[in-house]
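Heads up: the structure comes next, in structure tokens.
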């Protein structure tokens, strides 16, 4: 279970990217965070594993406050958080297998990492997951030989091989064509159910979000302005998220979360 | 439309004028240099004749001398290999210090830049002069000279390579819970590996050439023999030594080119 | 067919650029052995004391170098010789580049016949393989001490470097535009002037300035074997153990070299 309380981020430039975000994500929920460019979506997911250091507030994963951890403790905690990136962020010159296995780096010694020597279970798991994401037989290809869709599958495999307690994805479909985007979304929903973990994904294509997510979070200017099911996303709430319009009072009750939904 | 073409032409005329001034300035400087050095065209006319004369004196190369240059040639190769190896080891921390995105702080960055600049602004042969005084004549001084000069070269270029790495790859590795060492190993090193291997081999190739002249200042290798041969006007011996140097250098160039394609 | 159900695969080996893992290890072992042999060749008979003493001498050397000599007469001689080096670099660049032009065209595979191509390539290979100081030491014996020998040596080195790079550009020339000039009925010379030259002029200027920069460095040390310039003064001071003067000379060389590097960088940025 992931819980954020009053999560706030002010960049050194003075940009207040997140004002005060409180929300809870649990079970095998597939949560899509939507909002215009610059709303703070990336900042939010990056604050969860502290790739971006939050200014104040807390992030709790299964009861542990991640913001209070030392850097060594944070490393151990990060092993439980899988992350998928818009630009894939794969190590281009390594093979598919090495990229997938790098998801297990938190569990092996420096010396084993240096020799590229991973335990048997890790390798079995990696093969299994490559099969799952549809890259069976590709393990020896170098990543820079792959197409965008294949790369993102490697990115997903690297995150899943961590056996994470939550999966984060920052615009995983933005660099892909529409058809591949659907494949990737489907894969992510399958993973949420099969591995019984929540998935939080940032996305700006609303129709993709509505099509696949169990729940939507709407972010506007660093503020959480919508929290509900895809069915609850009306034209009005859409206007709130994307144009910052005021809501009528009846809808406001439904749309604006009171300290996070339970 | 017409306004555009007018401004475009004016611009072109000005740059043409600038180009002309640049060429004229260059020509004047060259002519002034010629005057300053009190050169005479006839000297150069004599050059062809002198070289032809030398060539006949060098022929046929003194083949019987060949066995005597094997050992100094091997020493030359050793100097290049050890010098490059030492420079490689030293250049990694130097590159790390002089890469703006990785260096710990401003002071370490400055230190990295100073090391690179000092090493690079002095020619290998001058470093050799210094180390001959410190460590005495011989291959050791030459090796250290090669190493010290190469550190700046490798440190600078590897540092630039480090500055251009994709931070996303590094970040992705650290987000899996990998520590700094593993992040460097998986997220940074693969990105620079071709450059590390390629540049080191390339520098080794340069160093093979560089090592052939260290003997002129007493820093070991084949240069000692060449110097003696030239000094005593033993032109046929000079010829065989130069041929041997050509052979080694062209061989190392081939090895270097082959190895660099393998490192891609 | 044996009923080979999907066995979980439990091992994985990184594919290698070499043909297989045994070849890879063979190459690594051979390389390590070669380096070990070299290391032994250099360090055999050299005690640790040689290093520690050497570092001690280094400190002494630095102490004798500081403060660098600044007497007026010495500085004038220093400036005079520095100027000589710079002038040598100028003349040698001009001569070398001029000779390079025919050699570069000769070394462009797409423009000339096979024998001319091979001859030009041979000139380039030899010029590039032999260090400038080797050429200089021979030139000094042929022409006597002084800048003439240095200029000849540096020009010779310039030809190899410059022709090689220029010929690559000539080979890269867009044949389409040559054909379009040729199709207007132009002669071979006209084709060269209108089709080839405009494509390579900016690169030519950039390369010239770049080589000039390298030649400044070369002309500063070529005097070590008596071929003129500041290097000759350096060698005299060095052999007389006048290390404070050596320090002044080195500072002068570094200043000129850095200045040339700066000028060359600025000009090349403006040209490209």
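In order of appearance the chains are A, B and C, and numbering begins at 1 in each one.
One rule holds in what follows: a residue touches a chain if its C-beta (ideal position, glycine included) is under 8 Å from a C-beta of that chain, and two chains touch if they have at least 3 such contacts.
By chain, UniProt protein names: A = Phosphonate ABC transporter ATP-binding protein; B, C = Phosphonate ABC transporter, permease protein PhnE.
A quick note: this is a predicted structure, and the numbers were derived from the prediction, not measured.
Think of the whole protein's Cα atoms as having one middle point; the chain whose own Cα middle lies nearest to it is B. Comparing the centres of all chains, each the average of its CA atoms, the largest separation from subunit C belongs to A.
The distance from the centre of subunit A to the centre of subunit C, each centre being the mean of the chain's C-alpha atoms, comes to 52 Å. In whole angstrom, the spacing between the mean C-alpha positions of subunit B and subunit C is 6. Per-chain CA centroids place subunit A at a distance of 48 Å from subunit B.
In subunit B, there is no position where the chain touches two or more neighbouring chains simultaneously.
For subunit A, the set of residues that touch two or more other chains comprises 98.
Note for the complex: subunit A touches subunit B at residues 49, 51, 75-79, 81-83, 85, 87, 89-94, 98, 102-106, 110, 113-114, 155, 158, 162.
On the side of subunit A, the complex with subunit C involves touching residues 95, 97-98, 116, 118, 120, 123-124, 126-128, 139-140. The touching residues of subunit B, when paired with subunit A in their complex, are 166, 168-169, 171-179, 181-182, 185-187, 190-191, 193-194.
Of all the residues in subunit B, the ones that touch subunit C in their complex are 29-30, 32-34, 36-37, 39, 43, 46-47, 50-51, 53-54, 74-75, 77-79, 81-82, 85, 121-123, 125-126, 129-131, 133-136, 139-140, 143, 209-210, 212-213, 216-217, 223, 226-227, 230, 233, 238, 242, 245-246, 249-250, 253, 262-263. Those residues of subunit C lying in contact with subunit A across their complex are 8-12, 14-15.
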